[in-house]
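Report on the structure given below.
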Amino acid sequence: MINRVLRGRMAMPALIVLALVVLCAVLAPLLAPFDPNAQDLLTRLSPPQWTGGHLLGTDNLGRDVLSRLIYGARISLFVGLAVALISGTIGALIGIVAGYRGGWADRVLMRLADVQLAFPAILLALAVVAFLGNGLWVVIIVLGVTNWVSYARVTRSSVLSLRERDYVLEARAIGVGPATIMRRHLLPNVLASLITIAALNVASAIVVESALSFLGLGVPADIPTWGSMLADGQLYLGTSWWIAVFPGLALMLTALSINITGDAVRDAVDPRAYR
Amino acid sequence: MTDVMADPAAIPTTALWRSGGARTLNIGRAVLGKVVSAVIVLFIVATVAFLLVRISGDPLALLLPPDATQEQADQLAAQLGLNQPLLLQYLHYLGGLLHGDLGRSIFFDQPVVSLIGERLPATALLAVTAIVLSLVISLPAGILASVHRGRLTDTVISGIVLIGQSTPAFWIGIVFILLFAVRLRVLPAAGYGSAAHLVLPAVTLAIYSIAVVARVLRTSLADELSADYIRTATAKGLSRGQVVLGHGLRNASLPVVTVVGLELGSLLGGAILTEQVFSWPGIGRLTVEAISNRDFALVQGAVLFFALVFVVVNLLVDLSYTLLDPRVRLGR
Amino acid sequence: MSAPILTVEDLRVDFALPGRTVHAVRGVSFEVRAGRTLAIVGESGSGKSATASSVLRLNPEPPASYPSGLIVYEGRDLLRLPEREMRDIRGDQIAMVFQDPMSSLNPVRRIGAQIAEVLHRHRGGRASQYHDDVLAALEAAGIDDPQRRADQYPHELSGGLRQRAMIAMALVAGPRLLIADEPTTALDVTVQAQILDVLADLQAERQMALLLITHDLGVVANMADDVLVMRAGEVVEQGDVLSILTDPQHPYTQQLLAATPRLREETPA
C-alpha cells in the first residue's frame, strides 16, 4: 500500500522535472544564458557561481556549463523521442503481423525477437557506428531498429486476444476489413501499454546515446550533449568536478523521472500488469 | 541495457517442442532445437559483420593502415580473396572464422585473436566479480522487499533499486572516482593490478544488475507468495522461513535464473563503458580503442567475439530454464 | 457423546481494508467432536471460510484480527497461542484441505516429497525415512499405484487424484481434526462423490473430527452429522442434520433449502 501511495506522490515531482527538461529542450535558445559553444579561455575551469555569471561554472574551454546543459537536453530528448517513435512503429507492425498471421510468420518473428534481445543496445550501436561512422541519425536509426521487441510482444498478445473476441468475429462476418478492426478495436486497448513501453524506451535511449557520446562515438563534437560533457569532465575531475557532475545529474534525473512517470502511467492503466 | 524490467515478458520465450514421445526424447529435441537456433544466430551475426565491412566502403581501405604499400594492399586483397565472387569470399571468411581466424589488427599488428586473448582475463575478472557482487546484494534485497511488500522496507529497497536502474552506470563510476579517489583518496581512480583497483569498477558494473535482479526477484517472489500452495505449506506447520525460502523462493527462482543469465551476457556490454571510465585493460576498452583508431579488423573481431559469448550464455540460460522447470520439461 | 475436540466460542474476525473494516465473522460458536462431521453451510461472503481459516490462524494478520472470542483445543486458546506452538499443531493435530488442489499443491515438487515434508517437519529425522508412510497415506486416500503417483508432479494428476493427494497429505500425520474448505467444489460432479467417500471412510477409520465447509446442501446431506448455517458472518441456525434439513426453523435456512432443486417434488407450474 505505502508503495503505491508514494509512487503516486513521486509522480508529481517526476512530471515537474520532465516538464523542465522539455522546456529546456524546446526553449534552449531563450533559456541559455550563453552560447553553448562560445569559448572563453580566460574564464576556463571556473567553479559554479550562484551569484552571477556562470551559474554552473565553465568547462576546460571556458564554455558555460549551464548553457551546454540546456542545449544538451535538446539532443537527448530528440534522440529519445525519435527512437521511441521508430521502435514503436516497427514493433507494433511486427507485432500485428505476428499476431494476425500466426503460424510460421509468428514463430519466425518471435525467434527473431529472442535473438534481438540477446544483444545489448550499446554493443550493436558500437558496431554500426564503427563501420558507418558516427552521427546523430546513425545513432537514432540503430537504436530505433533494435528496440522493437517489447512493443512487438505487447501488440502481438493484444492482437491474439482480440482475434477471438466475439465482437471481432462478428465484425469480420459482416465484412469489416482487418485494417478497420485494428484501428477501432486494437489501437485503443494497446495504446496505453505502448505508451508505457515508449516512456521506458525513451529513458534508455537517452542513456545509450549519452553512453555513445561519452565514448566519443555519438553525435559530432560540436553539438553539446550530456554524454560528451561527461567525457570532457572526467579528465578534470581532480580540479573541476562540476563539468562532469551536472550533466550526469541531469541524465540521472531525466531517466529517473521518465521511469517514474512510465510506472505511474502503467499503474493507472492496469495495476495488475507487470507488477 | 535490455529493458527487462520494463517488460518481464522480455525474458525469452522458451520454444516448447511438443512430441508424444518419452520424457528424454522431449528434452533432447528441445535442447537440439535451441542449439540449432543459437548456431543460426551466430551465422546471421557473422554474415552481417561480413556485409557491414563490405558495404561501408572499400574493405581494403578499411582493413589497411593509411600508409600501406601497394604490395601490402595486393597481399591483403589476395588473402581476403577480394577479386573472387562474393559468395566465395563469404565462404572463405566463414572458414576462417571456424578456424579461429578473426583477422589481423592494423594498429597493433597482431592477430585479433591473440589481442582478445590478452585482454580477456581482465574483462572476465571484472564481469565475474560484478555478478557475484550483484547476487550477494540483490538476492537478500529482493527477498526482503517481497516479504515485506508494501511496507517501509519494500519502499526503501524499491526506491534504491529504481535509482540504480535509472542512473547511467558510467556516471556512477565517475562519481565514485570523484568521491573515493579524488576527495577521500582511499581507492585508485583507474588502472589494473590490485584488489583495490577492482573495487570501484566492479561495484559500478554491478549496480545495474543489482537493480534488475532485485526487481525481478521481488516481483517473482511476491507473486509466488500470494499463491495458494503457500497457504497449504503454512497449514502443514512449516515456519515462515521454510515457507518463503523452501517453497516460495524455489519456485520464484526460475525467472531470476533467466535474468541473471541475461545479465551475464549484457554485463559484457556494460563492461565497455566501465572499462572506459576506469581505464580497465579489458576487451571492452580494446573495442573502443579500435573504433577510435579505425582499426576495423579488430572491431569486427571483437564484435564477433562478443556475439559468440552472448549467444553461448543465452543458450545456456535457455537450456537451464528448460531443464529446471518440470512443467516445461515434461512438455505440458 | 465424546468431549468436543474443538470448541469455538463467540468468534469474531475482522479484516482491515483500506478505508473500512469488514466484520467477516460476528460471534460464531460451535463444537466439533471426534468421529462426527460438522458442516458449515452458507453462501459466499457468509464468513464460513474465514471461520475455517481462523482455526489454524491462516488468515494473514494484518489485515485480519480477532477482536474477541475463543477457539479452544486441548484446553488452549488457539487464537492466543504463540506462533511457534501453533506451527506444531498445524498439519500434525489439526489439518486442512483446500478447495482447489491444483493451486494448493506446489507445482514444481513431486507429490511424495510434499507429503513427506509434513512428517519431516513434525517428526524430525530425514524426509527419506518416511517413504512407506507416504505410500500408505496415498493408498488410504484411495490412490492406486501410489509409488508411481508419489513420483509425479501435481499437473500430471487428474483433479480427483490431486484432491486425494491433498487429503493424503493432510492426514499423513494423523490429525485429530480435519478442516475441509469446499473440498469438492473445484471437481467434476462424478468425482465429487468419490472424494466425499474417501473423507467419510477415513473419518470412520480414525474417529477423526471433520469440519466441513460447503455451500452445497447435497454435500451436507451426504456427510454431515451436525449443521451450522451462516449468513453475513452470523450463525442463523444450528442443529443436527436431520432436523435442519427436514424441519428448518429460520427463514433463511428455509430459503436455502427451497433453492435446492429436488428430484421428486413437483415444480410449481
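Labels A, B and C are assigned to the chains in the order they are written; within every chain, residues are numbered from 1.
Criterion: contacts are C-beta pairs under 8 Å (C-beta built on N, C-alpha and C of every residue); 3 or more make two chains touch, one makes a residue touch a chain.
All values reported here derive from a predicted model rather than from experimental measurement.
Novice: Taking each chain's centre as the mean of its Cα atoms, which chain lies farthest from chain B?
Specialist: C
Novice: Can you pull out the chain pair that has more C-beta pairs in contact than any other?
Specialist: A-B
Novice: Please list the single chain whose C-alpha centre lies closest to the global protein C-alpha centre.
Specialist: Answer for the innermost chain: B.
Novice: Distance from the CA centroid of chain A to that of chain C, rounded to the nearest Å?
Specialist: That pair's centroid distance is 54 Å.
Novice: Using mean CA coordinates as chain centres, what's the gap between chain A and chain B in Å?
Specialist: Comparing mean C-alpha positions, chain B is 22 Å from chain A.
Novice: List the centre-to-centre spacing of chain B and chain C in whole Å, with centres computed as mean CA coordinates.
Specialist: Each chain reduced to its C-alpha mean, chain B and chain C end up 50 Å apart.
Novice: Could you say which residues in chain A touch two or more other chains, in rising order?
Specialist: 1
Novice: Across the complex, what residues on chain C touch chain B?
Specialist: Of all residues in chain C, those touching chain B are 56, 58, 87-92, 95-96, 98, 100, 103-109, 117-118, 121-122, 153, 155-156, 166, 169.
Novice: Under the stated contact criterion, what part of chain A meets chain B in this complex?
Specialist: Touching chain B from chain A are residues 1-4, 6, 110-111, 113-115, 117-123, 126-133, 147, 149-150, 153-154, 157, 196-197, 200-201, 203-204, 207-208, 210-211, 214-217, 230, 233-234, 237-238, 241, 244-245, 248, 251-252, 255-256, 258-260, 262, 274-275.
Novice: For the complex, give me every residue of chain B touching chain C.
Specialist: 227-229, 231-239, 242, 247, 250-251, 325-327, 330, 332
Novice: Help me check something: in the complex, which residues belonging to chain B touch chain A?
Specialist: 1-3, 5-10, 12-13, 15, 37, 41, 44, 49, 52-53, 55-56, 62, 149-152, 154-155, 158-159, 162-163, 165-168, 170-171, 174-175, 177-178, 182, 189, 219, 222-223, 262, 265-266, 268-270, 272-273, 276-277, 287-288, 290-292, 296, 299, 303, 306-307, 310-311, 314
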